[in-house]
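The following pair of complexes shares a single chain, chain A, combined with chain B in the former and chain C in the latter.
Right, the complex of A and B next:
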């Protein structure tokens, strides 16, 4: 499978009254066609900004963007606004976090859903657009779709609204669906329905999915590959099964162990990561996680580690502990060792 | 249970109905009963709108119950004498969900934490200040933070301030209303571990309200599951997660993704259809019947009562009871 998206050394910063915020600091990522890449991290780690850059939703100025973002070979950052409009909503669809605010309250659902179609296929007949809208509403599991076209967002429950948002995102059959925390605002039983739906649509249409989330559970349900973000950088990247089995960046380990798991009994201990993420107004010179990491070396505080490829896999971690010299001196940073030493166990 | 010591807090058939304009009634809490022994933690879980927050607020007296009663140390909280009432408002405290809106932005942290001390006249002057410093150090903040304002703190630190405020009046019982859901993952475990260590140190009793079932399992000895204003199942937490009996609990547990792709992909998920009905004039009979895969005629007609089906495991479902008896 070819690469659908290639992001190279992307940096995004925003000028504010308080100075410049370095939200994304040198991110490189690829998304292959038809795969689900999960981007995981806490709020403020740059995951949403990276996704929004893909659709060029971030106005420059006030933001400054550098690096390369290629979609099917075309450099998105170099396109004109008009060329970009042809991609937005057609080739790339997006689902936002909060279905309450991403629908227009004054516009009928049917009109909102077909807006993309009317924009990208101006020659399409009205009846045909309506037929497509009904079809896509049925596809996302909205009952009696023909009766819903004339309704408004307020008449829908949270789960139904998110389904309508998904319908809107997929109506032009995009090659890439960006789902930015699609279930965070929803209850767990609704979340299960929506995840099941996104997974099914991915299988049916063969589109790639970029799933942005902070919930490792959601990731394990959906993702084929994972990129873990911290303080505007990718700290670990690899196939989902690998990252879960052999998390190799101290932050990933801490993230996995700071949530209790439902399938383990109550004796499991919960790791607390001391401190808070760094201030991105003045990002640290070295690794963003060094100040919270029990294993930090001297070099961690002064130099950012490049991604080190791990043995026998497409898995990499940006952590000096994986440098050949560190490996020779300290040995393999196994999951057990990281768990013991990274954080203070309770 | 007979023979055991009196529970610290008890809710008996507690009801809280809101009158809506136009004459309809919103039954936020519709007859829930539970007891929390001193020093223990009860988890109250459910999806948004199920009435768990309203139940918690009613328990500490923020809403007067419209039916049933709350017993605190065996006394009905509606008919307390003036001095008992003051003791109750002091000994039952609350930690709120949103650390951004629950702290007054125009007060210093010291005054926020000290407000309860002033109201209950626990100490003044130098002693008061020392107590505030002690409380701040309890929750992992420093002395000098007392002179700052809430906007200078991160979400996790603000939640610590909220916890210090609730501890200021030496409570026995704290309702923790979604204390971690507004926080980031790496900060959540800090706050949870703090709450657990405070409980061990001060012998606190918690009602832990949350929609986060994994966290509830970790923190609570016992869990009660709410659906549309009623408790559908209550059991010791390991047992509830090992062997849920109510169809709603089963679906709820199966809906939570587990952070392990191999396990996750082999799990069988029960997908519920539809949405939670409105608590305004809820359906007669079992509240869960419209979404329940098992529902029969009896369920639509008659509301099941919460019955003990195994040792300290109660469930409100016609099917479970008929199997057992």
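Right, the complex of A and C next:
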């Protein structure tokens, strides 16, 4: 399948009174038609900003954006606002973190769901739009959808609201759904339901999903591919199974090890990575993770590593340990070795 | 919704009863009485007090007053040769209401418009212009504004009449003078509210749907931003009402302000009481109306918490 989205060398920085924040620093990513790409990383690593750049939701100024973002071949950053509006909601749908604030409190749910549809299909009749809204509400699992249209957001529970928000995002049958931490604000049982729903909708409609999360557990049973973000860069990218089986960037290893696991001794405390992410007002010249990495080489502190393709193609890690010279000298950085060095070297 | 309206209405009635009671007893606590004069002999004074029923116990008078009030009778003015208060109000209120409504409408329309314009042009010269108007309006008391407008548009430019109430041209200056403070206040509230709403997630969601800026502002931003303005309508009505006293006397408008001031000077019990109750009832009704409008705009208000089951 072809590439739906191609992001090339995207950089986003925000001018503030304190200087420029380099939120995204040279990110390249692709999303293929119909696949689910999980974007994983901690708060402030640039994953949301990257996603919002796809819909051009970030106002410029104050932000400066450089690089290329292609959607089905069209350069999104070069489109006029009107052309962009034709894509927003129609070709690309987006759901946000907090369903409590994603809905307009003073507008009926039905109207909020249909307004995008009627915007993109001006000739559509009101009754037809209503019929379609009922259809989507049923699709996202809201009971008695025909009775919900006239209700308001405050009458819905958190899970119901997120379902309504999803209905709003998919009513135009977009080619890509961006889900920006769709479960963070929900309780655990609802989280599972919403993820299952997104997975099911992906299968039913064939849309691609860009799933943004900081929860590795969420990723494992949904994503086909994973991109790990750290300090505004992609540090590792590859098929989900591969990344889980053979994490190749020290940060990914640490991230996986800081997750609670059933197969480990209960007395063992969870790993917390020492140190803090770098200051993005003055990002380091080298690898953003070098200061926290037990394996950091001299070159790590001065030069950013390019993504090195690993042996099983499609999987890459931006870490100097995978440079041929490092491989020749230190040997393959296996998961065991990385875990040993990153997680236990204190 | 019906339950909500009924509940608001009952609360309004209780408020009104409280007001009547408070004013009735407060007026009586003022030193002196309406017939304190060297010209009256004790005998005449006695007769007058008996004639007006002031010799009876206070609580009997109070109940009597309440009884009349329920029948819609506000009593008789002592000063104006026994003219019923209802007549005084009927003669003077139309002018006051006319001026007040004009000012209120001007303030709401201008205030929200300027606030919206200002917020949408944040940081540009149009924004600063609106803020400047707002600051001037909030800092200048209405009586200075009144004289200033008379001076500039009446005396210097000779565009508009400076006083009296004889047609549309006469209403322009007092309306502006009366509404200026409120316009400024609403401009600031509306601007702040618009800027707050614009950061809400649902605005971003609306943008992600592909709506144009106009639709986002019109459907999503303004409707949510206007809630604080609606809340303020009650107090604003009060501010404009009390403002009319000053503006009416500056522009010689034959409204109720004159009777109020004279009533207090003459210690005319029934006149003070009657006008206060009337104004109070008016204000309570205004707040009642605001509550209902609010319920229509914001669906969350309509049901009380228990019904919501939250």
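Just so we're on the same page, the second predicted complex is superposed on the first by the 336 of 346 C-alpha atoms of A that agree within 3 Å, B and C clash if a C-alpha of one lies under 4 Å from a C-alpha of the other, contacts with A are read in each partner's own complex, and residues count from 1 in each chain.
In this section, a contact is a pair of C-beta atoms (placed from the backbone, for glycine too) under 8 Å apart; a residue touches a chain by one contact, two chains touch by 3 or more.
These numbers come from a predicted model, not from an experiment.
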Inset, instruction - Pick one for A:116: touches chain B only (first), chain C only (second), both, or neither. - result: second
Inset, instruction - Quick one: classify A:187 as touching chain B (first), chain C (second), both or neither. - result: first
Inset, instruction - Return first, second, both or neither, reflecting whether A:98 touches chain B, chain C, both chains, or no partner chain. - result: second
Inset, instruction - Could you look at A:212 and tell me whether it touches chain B, chain C, both or neither (first, second, both, neither)? - result: neither
Inset, instruction - Could you look at A:271 and tell me whether it touches chain B, chain C, both or neither (first, second, both, neither)? - result: first
Legend entry - First (chain B), second (chain C), both or neither touched by A:133: neither
Legend entry - chain C versus chain B, contacts on chain A by residue: B
Inset, instruction - Tell me which partner A:253 touches in the superposition: chain B (first), chain C (second), both or neither. - result: neither
Legend entry - Interface residues of chain A shared between complexes with chain B and chain C: none
Inset, instruction - Could you pull out which chain A residues touch chain B in their complex? - result: 42-43, 157-160, 187-193, 195-196, 214-221, 223, 240-241, 244, 254-256, 258-263, 265-266, 268, 270-274, 276-277, 346
Inset, instruction - Under the touch definition given earlier, write down the residues of chain C that touch chain A in their complex. - result: 200-202, 204-212, 215, 219-220, 223-224, 227, 297-300, 308
Legend entry - Interfacial residue positions of chain A with respect to chain C in the complex: 55, 57, 85-90, 93-94, 96-98, 101-107, 115-116, 119-120, 152, 154, 165, 168-169
Inset, instruction - Using the touch rule from the top, collect the residues of chain B that touch chain A in their complex. - result: 47-48, 154, 156, 184-190, 192-193, 196-197, 211, 213-215, 217-218, 237-238, 241, 251-265, 269, 271-272, 275-276
